[in-house]
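Structure record follows, encoded as structure tokens.
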Amino acid sequence: MTRPDGRAADQLRPVTITRNWLDHAEGSVLVEFGRTRVLCAASVTEGVPRWRKGSGLGWVTAEYSMLPRATHTRSDRESVKGRIGGRTHEISRLIGRSLRASIDLAALGENSIAIDCDVLQADGGTRTAAITGAYVALADAVSWLGERKKLARPKAIVQSVAAVSVGVIDGEPRLDLAYEEDVRAGTDMNVVCTGDGNFVEVQGTAEGAVFDRKTLDALLDLAVAGCGQLSRLQADALAR
Amino acid sequence: MTRPDGRAADQLRPVTITRNWLDHAEGSVLVEFGRTRVLCAASVTEGVPRWRKGSGLGWVTAEYSMLPRATHTRSDRESVKGRIGGRTHEISRLIGRSLRASIDLAALGENSIAIDCDVLQADGGTRTAAITGAYVALADAVSWLGERKKLARPKAIVQSVAAVSVGVIDGEPRLDLAYEEDVRAGTDMNVVCTGDGNFVEVQGTAEGAVFDRKTLDALLDLAVAGCGQLSRLQADALAR
Amino acid sequence: MTRPDGRAADQLRPVTITRNWLDHAEGSVLVEFGRTRVLCAASVTEGVPRWRKGSGLGWVTAEYSMLPRATHTRSDRESVKGRIGGRTHEISRLIGRSLRASIDLAALGENSIAIDCDVLQADGGTRTAAITGAYVALADAVSWLGERKKLARPKAIVQSVAAVSVGVIDGEPRLDLAYEEDVRAGTDMNVVCTGDGNFVEVQGTAEGAVFDRKTLDALLDLAVAGCGQLSRLQADALAR
Amino acid sequence: MTRPDGRAADQLRPVTITRNWLDHAEGSVLVEFGRTRVLCAASVTEGVPRWRKGSGLGWVTAEYSMLPRATHTRSDRESVKGRIGGRTHEISRLIGRSLRASIDLAALGENSIAIDCDVLQADGGTRTAAITGAYVALADAVSWLGERKKLARPKAIVQSVAAVSVGVIDGEPRLDLAYEEDVRAGTDMNVVCTGDGNFVEVQGTAEGAVFDRKTLDALLDLAVAGCGQLSRLQADALAR
Amino acid sequence: MTRPDGRAADQLRPVTITRNWLDHAEGSVLVEFGRTRVLCAASVTEGVPRWRKGSGLGWVTAEYSMLPRATHTRSDRESVKGRIGGRTHEISRLIGRSLRASIDLAALGENSIAIDCDVLQADGGTRTAAITGAYVALADAVSWLGERKKLARPKAIVQSVAAVSVGVIDGEPRLDLAYEEDVRAGTDMNVVCTGDGNFVEVQGTAEGAVFDRKTLDALLDLAVAGCGQLSRLQADALAR
Amino acid sequence: MTRPDGRAADQLRPVTITRNWLDHAEGSVLVEFGRTRVLCAASVTEGVPRWRKGSGLGWVTAEYSMLPRATHTRSDRESVKGRIGGRTHEISRLIGRSLRASIDLAALGENSIAIDCDVLQADGGTRTAAITGAYVALADAVSWLGERKKLARPKAIVQSVAAVSVGVIDGEPRLDLAYEEDVRAGTDMNVVCTGDGNFVEVQGTAEGAVFDRKTLDALLDLAVAGCGQLSRLQADALAR
């Protein structure tokens, strides 16, 4: 069996992580998983939302969005429709939860970091690329705070997070699905792992065919290995 | 270790499934998981949305909502706020996907079934109770169509689906969390299974603590067993 | 002339008032007028809206809504449409005004009570059932405040309120119209009375045929008698 | 007892009805009840809404709105707030129902008439002034259709409708309340009558004090007499 | 070449400026440019928006809107549609900027003036009529503040502003286009000038045909002369 | 006098036009004016909006938006706020009108082209950069149609359009303002020209100081020269 782009079943697409793509943001990354291209911008604000004031804890949120022509055919803007779609909501919440697993909110102190993940081009795996890039932008924003002595404690980042999609195509478990594979996948799973291989989120969906425990195990194995590679790429990018 | 309500770690709350709770709906169920109480109503319409016309396939959707005072303190209505929240969107989509796994849309023919899941009282596990009850309402609505010779083919229901939550509290994996446990869970997972024990959805989230593979395996074991019990309760209810 | 359900022209449908239907709300009632079924939940909050602070006066509001499949055919959710319809607005305001007639806002002190009336099943007279049930839920919420010594003065409830619909069908004035009669009514009136027979609201509408003073008088007589019966049922329920 | 503007208890404010205040509308009236000033414009469209097509029946709707500075202090625009308030909804529906009582929709044929009632200045009684003026604009729009042979049958107007407010101030029933009186009224009622003295709508509200049958009767007497005068003013205006 | 209404190319339509058209507003003007009729109401509030507090500066804003039947065929209300259209937004912003050029916000002190421009009837040039009328309403509102000693300094009005449209029809530059000409104009320009002939806004648009520098110069000459005439009419109105 | 970045008063910032920045869009350009960076994507659809069907004419629209962290501090998303702001509306309309001046809609035939201009980073002049880049994306989309023989006639592009901002800073007219200059500009003008030097749009605004005819003339001279340079850069890019 061969994949449309000739990859092995357990092979990632070419991944690039470009830091400081923007001039104004405290952290910013252009992340590419093959032709999927997501701009992640981390914005720091002093203070926290009202319901959190006085807690000593910081706050991290995320918003995900797609440009209208990120996709093969143009989609209407959610701002023009006047409402956010369910998919956008769902992914924004997933990214936010994932990033909060990487940070010690007490060490962050009463600062807020908003991460905007805007998909400039979509070719499958936009949410996992977004999480992977957003972690790097978040780490840069935390460093920015650290350099300005604005953290409550050092080491606000406690562990890295990265994410990848896996799925079953024609009975074969595969890593990091591109759009062409994604639409054909019977089962589809997004997995978020920490740098040391623990799970943050596991979201498996039987789009067309239910799956048994053995398939689930195979998909989890693939995903954990893929997240491991992505963690190393994140570390390399942050070391540069 | 004891649970607040004295249950064993692998024990469901008392579950009741009351069919035909409404007079007008083609299928309706009041489902109770302990104090969680969800009204599931299945509404049949002839025809399908425009984008699906002529396909010969039916369509099944779901909408989830909570009454303002389902919870311990009153929440504002989404109709008054003028927008649906992310959580509502996310759960509505989960219920719809889960139910579509139980049905052969070609056998359904060009009919639409909308399932409304309204939480009358919330005490943890509202989405899993909703899926479990909604399946029974859906089955009744399909029977209603069958009795009127409106199905394209018999046997439109291909398998049952049921759902349950599991989580880790103080290091112990537990089944079917009530609200009091849910807020204390470090890891929280919702699992949707078919009647023969395959997976439809696996959604695990590290609210406070990441989880390793061993914990994930233990949670999946608990959930599969719990869904098995719920499947039998669904079958009993449908047999009455 | 006979009514579809065999009632006399001046006869109410079977009415049941079930208190404490919910576990969390400070007052809650499931009220049934025949097949019309409305869940009324009273939620107490300390404090009042900003524009009322320092006045020493409390505040009582109401919100009315219908579940999508309360009716014969499914209606779209107002939360999904993103706006509240005119009918919903109108009835919510009517319920709020009616309940405020029953309470001494100075005795209530700076507390707010929100009454949610959610129609689980509709068969005509949903707004009058809602007012009748909501009064009982309100009374329970006020007792809840009293038991906790949170009222500014005792006796915050100054009089009961109950409501009923009346209408002219085929020239005959009738009490408490069910849906089947309601759609055929030329003239339709909703009347809210206090327990001692005074008027709080009189809303008469010529849907199809204008009405003369004599008809108006006959309808008012029917309504006052019907409200009297409902007041006794409310008192009985509160005495239990 | 004297009224702030020296009127007798059963006396209307000076009323003027100016037809053809606009150049484009098929019917238009500037109606003034004292300082209350409402612009009523009737717009004719061929055809009816989709749900009414093929019925042979026409359709009449109304929309009510206030300019931001119609009132003593400026109110925010509903277009800017992005939603219509409950009061606006309620009054628009009242005006529409009232006008439909004056017209034979079968004689109108499949034409639609939309009546816009925009309050340029408010000094109490805006909804009753709106109904009174809107009837005249509607009659002109129907004549416009008649002159162009576009009615299904002649005599589409079957009776006139007019409206007035009444209320109890310091125990005295009074006709046509100006704003200063309106805010002090314990009981407040809006009554819509046909030209021959039958009721179209009766909407009585105990703002501060409940009312007995005797008071209700006195208010109805006042209102019927007031509507009689308004009907004559409408006839005079249409005769000019 | 003759214009539809017989005017010379550099001739304004008959302009009338009626002050104090409303009883409640601190300044109000009904301005007419031919059949275009705009009601301008200036509302004074003590204080300024939060972001401006403590600056010592006042604030002036404007909102523009059209009644549904101001135009030849009825338009839907923006309040009913739930959103403000692009054209409304654009014109509201233009009026606000123009008026702020006429006022010394430091002299105004921390007071806010909101100018509502509601088009009662539209026949071309509604935005320029609105600016011209709004200036007079603003001047009256400032006088109102001055009489009550609420200005930080006298002379808060530093210069008058007036506006007019110009356009090229069949190759001929013309002043103050009525609707019939406006729709045929290849090039269309709105110009706002101060009383002493300087520019506040120049907005030229090639609707159908691009324009060269010579045409631009001719249009600017026409517009400056037209604004000069309007400034004198404003001064006359304010002197009355 | 020196500009913050050392440019001469009549000098553009470094401008780059990168074609085909996206893989899916029929035309796409990343345009940079200094640090201002706008992604312009042209999307072709067969057919035109309903109101234009059968006319034989095509349609071109544009939508402008800013990413939340394009600016120095983060702005809220309009999709989250649920409404489009006035500035966004205004600029989208400006871009659409400008582009329509470059195209022969009859030659385009019944095809629609939507141009999305998303500001990835903002440093002044985003709307003029957007127009300049969007023209190139539009030209590419028209070529795409031409290559597929889908144009009604060849030469659908009749002339190029480019845009630039000019303004007066400390009394000096300057070309192509960066953000730092823009906020200090008393007078600010955006000018859209065709490749042969005619005007499409002239939008001048006195933010802080009104301007006389001589200043206006100087600004127009600067802008025409700047647009000339941009037209050559567009032609070069399209020739590559």
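Observations
When the chains are written out, they are named A, B, C, D, E and F in that same order, and each has its own residue count from 1.
The working rule: contacts are C-beta pairs under 8 Å (C-beta built on N, C-alpha and C of every residue); 3 or more make two chains touch, one makes a residue touch a chain.
Just so it is clear, the model here is predicted, and its values are computed rather than measured.
Any chain touching chain C that also touches chain E appears here: D. Separation of chain B from chain F in touch steps, taking the shortest path, is 2.
Think of it this way: of C-D, D-E or E-F, only one pair shares over half of the A-F contact pairs by residue number, and it is D-E. Using CA-based centroids throughout, the chain positioned farthest away from chain E is B.
Centroid analysis (C-alpha atoms only) places D farthest from chain A.
Remark: chain B and chain E have CA centroids separated by 59 Å (rounded to whole angstrom).
Centre-to-centre separation between chain A and chain C, using Cα means, comes to 50 Å. Annotation for chain B: residues 82-84 touch two or more other chains.
Following the touch contacts around the ring from chain A toward chain F yields the chain order A, F, E, D, C, B. Against chain E, the residues of chain F that register as touching in their complex are 83-87, 89-90, 92-93, 97, 101, 159, 189, 194, 197-207, 210-213, 216, 220, 224. Within the complex formed with chain E, the residues of chain D that make contact are 22-25, 28, 35, 39, 41, 43, 45, 63, 65, 67-74, 77-80, 82-84, 88, 114, 116, 118, 120-121, 123.
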